[in-house]
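Structures incoming, each one as structure tokens.
First chain A sits with chain B, and in the next complex the same chain sits with chain C.
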Partner chain A sequence: MQNHNNEIIKNVKSIISQALKVDENKIELHSSLIKDLGAESIDFLDIVFRLEKTFKIKIPKGELFPEKLLTDARYIKDGKITQAGVEELQRRIPGANWVEFSKNPLVANLGDVFTVGMIVDYLSEKLATANK
Partner chain B sequence: MRFHDKVVLVTGGSHGIGAAIVKRFVKEEAKVYFTYLSSRKEAAAIADSVGKPQRVSFLACDVRKKEDVQKTVDQILEKESSLDILVNNAGIIRDGLFLTMPDADWSEVLETNLGGVYSFCKASAKQMMMQGGGRIINISSIVADLGGFGQANYAASKGAINAFTKSLAVELASKKVTVNAVAPGMVNTKMSSAVRSAFGDKIKDRIPLGDFAEPEEIASVVAFVASDEARYITGQIITVDGGLGLLSRR
Partner chain C sequence: MRKAFGVDLIEIKKAKRLYKTHKNRLNSFFSLQEIAFINKNERPHENLAILLASKEAAFKAMPRFGTGLAAFRNIEIVPQKENKFFLRLKGTSKKTALKFSILRNKKYVVVQCAGI
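Showing the complex of A and B:
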């Protein structure tokens, strides 16, 4: 399992490096895709496409990164994600650290949640399920 | 050669401007794939005429059908490792007065001219993004800007292409995919022959350069926009109309 994870980590770092045009050595598991690595919305799509190709998997829309949630009035109020919004995010993306995010659920802080490690965790679980 | 072994896809390459674009890219050593709607014989004749059969292939595709479009792009990517340049040229006219225009003429023009652009961009942009760049060139028309009598459907489709071009250019810029449109004025093709024959040489009086463009002259501009020299151009509507638009705005 450890080797499997190392392989995933190596591939994820390589993919992020290619998609975001950042030096692979600067990519850590705790790196935030937005704050540390400068990702924009289209980069998330790019990363998903590359993950699908490399790992030969299908990632359904919104399963790894949320889509449309941030434009839904039910989930956003005064620049913050509502409790319902956090619960919806938790449901959609269970691998992320929502406990920490819930302490100050500003939309601006959402980027902190999307880390390299979150992608690795997602893939580890997805691939393990696929191999069962 | 600017396009040596670049993979180019031209939609609607059997006639007029499309055929000229196909020939231009083949001449400059690209690997060109083009689509045709109905006549395989005409497509084969264009392919034969370029004299480099190994550099040109043609595929049947109804650009209105998303599944046809995806299949076309998939077929190319089964053989090639990249899709470098997409030229959305396929288009039709169904001119007629708006008040008596059949709904079918409105729909068919929008689905072909605009729907085809949408579907091919959707099918190709993902590949271009992952390969680290690409060129998308949509063939628009001066009619998008000026309007045209009996051309509400055609003008609407081309105007939408212009707006689409600018928006997509913004979305794909960070991935080094440029998106531009080339908007011809009066071109010496079969498609514009009805207008030309209706007005005769009088229409030339409205064109400052005094003549119609040849399809090859539109192809030259498309080739420039597709080249490395145009790296810094995106989201632009490049008008090639002999100055027609200038006088019409007076």
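Showing the complex of A and C:
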């Protein structure tokens, strides 16, 4: 299992390095894709396509980056994520820094909490389910 | 509609790389009409950059449309003549009142989106 996870981490770092043109050694599990590695919207598309190709999986929209929640009126008000929205995100992505995000929960700031580790966790779970 | 404004910039070099590497996967995020618009240009990556920047600008102007990849198919950019297009919400035929303008040079495409 550990070897399997190491393989996932290695592949994810390689994909992010290629997509964002950053040195693989600078990519850590806690690195934020936007804040630390400079990802832009176009890069998220590139990353998703590369993940699908490398891991031979299909990533349904909104499953990896849960933006679908942001089209739900219960969770968004005036460009901000409501308390209920933050709680829902916390449930879906427990490892992210929601305390920091809650200080200024703008929709526009959500990308800051997407980390490399979040992708690794998602893939570990997805691949484990697929192999059952 | 309340006053709304959004702007986004896409680096053409990145759009070119994205198109070259993943052109067969674009249908995951774009409608058939949008893909036809992309491929209509001799330099398809330029139209891809316009579409990406337009959607991001619309998300910024109207946060209720959503944001990011999951929301990409919630809205559809419907191209018309001479770089003019309108935006409609998925499943409707109704035009939104948003207006778009495109600026570009060799390196970047910038799209401004405004609604009053």
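What we mean here is this: the second predicted complex is superposed on the first by the 95 of 132 C-alpha atoms of A that agree within 3 Å, B and C clash if a C-alpha of one lies under 4 Å from a C-alpha of the other, contacts with A are read in each partner's own complex, and residues count from 1 in each chain.
The definition used in the following text is that a residue touches a chain if its C-beta (ideal position, glycine included) is under 8 Å from a C-beta of that chain, and two chains touch if they have at least 3 such contacts.
This is a predicted model, so every value here is computed, not measured.
For chain A, the partner that touches more of its residues is C, with chain B and chain C as the two candidates. Within the superposed three-chain model, A:Val22 lies out of touch with both chain B and chain C [touch as defined at top].
In the superposed model, A:Phe49 makes contact with both chain B and chain C. Using the contact criterion defined above for the overlaid structures, shared-chain residue A:Leu127 touches neither chain B nor chain C, since it reaches no partner. In the superposition on chain A, contact of A:Val86 is made with neither chain B nor chain C. On chain A, the surface touched by chain B in one complex and the surface touched by chain C in the other have residues 40, 42-43, 45-46, 49-50 in common. Partner chain A is touched in their complex by these residues of chain B: 126, 129-130, 132, 171-172, 174-175. The touching residues of chain A, counted against chain B in their complex, run 18, 40, 42-43, 45-46, 49-50, 53.
Within the complex formed with chain A, the residues of chain C that make contact are 8, 10-11, 14-15, 17-18, 21-22, 25, 28-29, 49, 52, 56, 60, 63-74. Within the complex formed with chain C, the residues of chain A that make contact are 40-46, 48-50, 52, 61-62, 65-68, 70-71, 73, 76, 79, 107-108, 110-111.
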